[in-house]
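Two complexes, one shared chain (chain A), two partners (chain B, chain C).
Moving on, here comes the complex of A and B:
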């Protein structure tokens, strides 16, 4: 059960209601019924509620969430841009929804064309030659890309390449995906400027280097000016270069990872290409590559033949990494976005994302310590390290205080190379008025924190639940509801 | 932040405490535990594993992040502190009591910082 701010119970779990007469809309059962109850050791715990109770229950839950439709959501690296409703409208067309993955290809040519068109556009934006849409999310796309790198070295009979280089500023998924794909991870320190330290990279590469994983702009929101040197160093050592597309929103339509020297890439359609994150998802993490890796792509690719389009499995494919063709409707939504914006719109989205981030950074820089005080890309990092040591005000205190103002906190304690970090990414879809309001809130919280630190230690005040005990939550895991007859 | 006088330290904040039987105990410094915050999980190697200086041999997870713990020496793990697996908070409570592993190795103190040098190093951070 959930306790409200006065300590009273405001919400029950769906299992905690007394049984009610159900609203029934189900048609008559037209197949033979089978009695299974003798095999069941305990009765099933299915809630039995009237429609009005269910509606109120879920409406109440919905009121307690915060999504991009509710307010500002500057969650760094996650690119929480607005998801245009036209995407949903197009993806709900019955010609996209009322199909089956096993139906004859000749009857779903339009859907194959969606894949082909989306692939062409993403190739153009990224400077790649092919894309698979099988991966269901970003880390899945990373895993897929790493399998391509692995396959490339295997096909060349080069079995000593076991290491993937990852800068210490990388997203946590990078080393995790590399380990999952069977590589050893070599972490290299970032330079003073937050970018890759070229000497450290030169020292790390060798005959055992399978590749490097990088984001550019990097996780502190800076474009690595040495990117061509970096990819050259890795290529000279015989490794491949992997681009984590998490931060593509800053450069799409302007600079292409393929031109920077990257061989493999994943994108997050649910970040950069305006499809929903999380519960509203699912996600999609297409993986792209240069032509020399195309033969290893997983699953089936939409290819042109004499009569139209057909699905073809690449000759030396790494296999299936998801059932069928990935999350197809997400690709439809992303394609709707690409068509809506066009090449000019894609470019100006990136420009406005960078403009918005710089505008907000300039509003805040006299009130917060900006970790890298230079023109940023689509996001920037502030650090509460000094305040933490001198006044005991933490990044967590600021983040929790923002909740009381209807603003989703920025990404916290990341990247790891900045202590007490708050990573702020406003995205291009926020109006100046929203940014001005957010800046005012940030300033107000900082003033309050300095004059009365205890007040921010206790934030949030206005949320359904107050400050949670995160340590206890991590140490004492309760992963599901325990029914009375299980106790 | 306390520094244990008899320990030797790395720049990545691991400590080494030489034992009378020639083995060493290895742990994480008080500064490190304080920076990491409340620890919620610890992964340790297994008895018999070979660890290599400067390479990760364990990891610790706080509510903020998972961090590698780097081996300050090369050698063979002869014991692990199993208590930490169930009670990672021991590291926060008593960083110099909460040893991670016992290692059989040729220990050369000159390769690490002594407590004075480590104290001076902490002041530069």
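Moving on, here comes the complex of A and C:
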């Protein structure tokens, strides 16, 4: 919950306290002191504070941060499910944290086993043959998958395949990743039903098609009913099929992308597999593929040999996309989650994620316009377009009003194909009672908005700060604290 | 089995009924039957006790070296208890990217403070909120420098191979040429560099201290780079920045680096922290999240994600990068570490690293190893020996010591930090002497 700090004191920056006496963390030097000839001339402004001030500073910052523990967090496409505490506790074991990435292989068999076990389980869940954990986030996994596709065509000397097809409902990372892998992006429109328009797809594919990137269920929360036609059309044209697994939470244990005809996939361990998002990261975006692409994977793969596990570099690897092997501790957390859920838990998580979304949608649909009024998957989109035009009530107004009720707003203004969109994803770890309460809040806000639009334009009222001047932030760039002697 | 689903079977049935569904299968009717799965071929779920037992057994298959003399891109430093205590606050851990500024001032302010500290370390004007790691930061920086007519990326051979390989991959993606600048006696060959640059050169990437721990003449390299109208990127060890000239002072346009030494454990390679900072003129080319200061509706100082027009969710294929999730929690970790250590503390760490590394090199040479380079170095150095590095490291392992990283059959890259005591280093030298004398 947000505390009411209206009119309260302005939070000090850590640089704005008076100088204090610091604790002593390190012993005196026990060898001859050496000074380098190259020396820093510029002063180094860092805080000099006692521990009590530092800990209170960050405690106050923590109070002004809304995490999953603090309240309902139905942020569409982000799968803000509960982050199990046992996962954190295991990942903080020193036998995982205090391992140097370049130790001899015989001393890191446990780490290699974490990668191998997680790989095997994700392969089974996705219907793939191999997974690399080097990608550090979803977008990094997309980049990796697209490099596999690029390499595949290059190895076949098929140099004309320079285009990637991306539906207009895709996350912005899809076209951006395709561009980073050197592809031209061909955007195709979605049909009235929110799914890929097959005629548009047929018209778009050709000899220059390298592949398609598809988010499924898509960003309006629908499982594309033409999924098998889509992969068929692209394969027939000689392209490969990429599955953006950002929304895998809806289908894990129910159906597998590999069985639908997809060749490459990335997952977001920080969404589907319960690892925390840390205020923006670290995530983990493992990239999986069918056997015919395995030789192109980046980095090193944990493989079994006579004496245990070893790292093997794929024969025609695309190279490295970062240092070392990925966000290892995040993989440890996801593996703990996979062990906890097992076969049945994975399936029931998807079932309940879809049930919770449909239940909440059902409660809201008499009060809000649901963009696609059909059974949804793990999320659904409501549109305030009509209200915006007729009553000047925007998606922003509804979102900001939710803040006063301790609820994190849904994803706003996305997908782009729905105007005044709010994208709601409750996840399976929320109780019915929470959904009922949220539905009540949504209804109340709508009633208030209709009776007193001005009141919602100015929301929120109870948060540590009110609506921010974003234009000022972008125009008058103030991106760091400036110390007195630097002005 | 724990699946963290709070709704009872009865509640689930009620909910199904209220939406007019008979069972779960009906919810998934749009999925073609031909791809519907009966059951995953995976083991049954486990209780929390069993999960813990199973994973800690796997953890115990790893060996934690009590003494570490290895760096090569990942460094063991002392992490004060206060740093770990602050990072255990779950508001920071479980929040998403701070899209909703009104309830995210804590995380936004912590990023603003982080950005300030990175600018202080590097001397630069602007920092982003982090990228994946030091290697991807270097690759993103190279991307920032490329323009239509300038697409050639130059990297010194003396950079960490992880950085070189990552930059190569990113450049291959964009169909850009990568040219390696040869090394001369462990340093970037400055004469060769002058001959390589032309009007298509986008940037020169130098690591300071370089992969062998040696200090490059960055001022000279920056002059040559700028004479060719290319940009200069420096990849820096953040601890060394407490005592070495800042990238800005020596003329770099972009400073990047691996932030792991700033209070993060080695964690078998991740999560780490890529930091990126640059001069004002290039601010709008920086990839990733950036937090800016503004005011709220009441005129109160507040922080918000800004310059979003560069980013993928707005610009899609024309964005400066595809990055979305970053390493925010690691950036918080670095900021807390720097807040706790302060200027004096960070300088002390850098000074201890330098002094200890010089002592270690001295005693290992006395033990019979041979120094490869004579140039000034920070906390890493290369030695060669008549006996194979594998044999030396095997002897050290018996005493719980992780020896230097083998660069070849007989050459090893050693590292010392404030974590290494004189006794440990003497012990290490004693064992090395024993191995060498037996050969």
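Note that in this section the second predicted complex is superposed on the first by the 457 of 487 C-alpha atoms of A that agree within 3 Å, B and C clash if a C-alpha of one lies under 4 Å from a C-alpha of the other, contacts with A are read in each partner's own complex, and residues count from 1 in each chain.
Just so we're on the same page, a residue touches a chain if its C-beta (ideal position, glycine included) is under 8 Å from a C-beta of that chain, and two chains touch if they have at least 3 such contacts.
From a predicted model like this one, the values you see are computed outputs, not experimental measurements.
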Touching partner for A:419 - first (chain B), second (chain C), both, neither: first
Contacts of A:230 with chain B and chain C, given as first, second, both or neither: neither
Touching partner for A:241 - first (chain B), second (chain C), both, neither: neither
Which superposed partner A:172 touches (first chain B, second chain C, both, neither): both
Touched partner set for A:382, first chain B, second chain C, both or neither: neither
Touching partner for A:95 - first (chain B), second (chain C), both, neither: second
Partner touching more residues of chain A, whether chain B or chain C: C
Touched partner set for A:107, first chain B, second chain C, both or neither: second
Contacts of A:45 with chain B and chain C, given as first, second, both or neither: second
Where chain A meets both chain C and chain B, residue numbers: 172, 412, 414, 470, 474
Partner chain B, residues of chain A touching it in the complex: 172, 187, 412-414, 416, 419, 470-471, 474-475
Sites on chain B touched by chain A in the complex: 35, 38, 40-41, 61, 63-68, 88-89
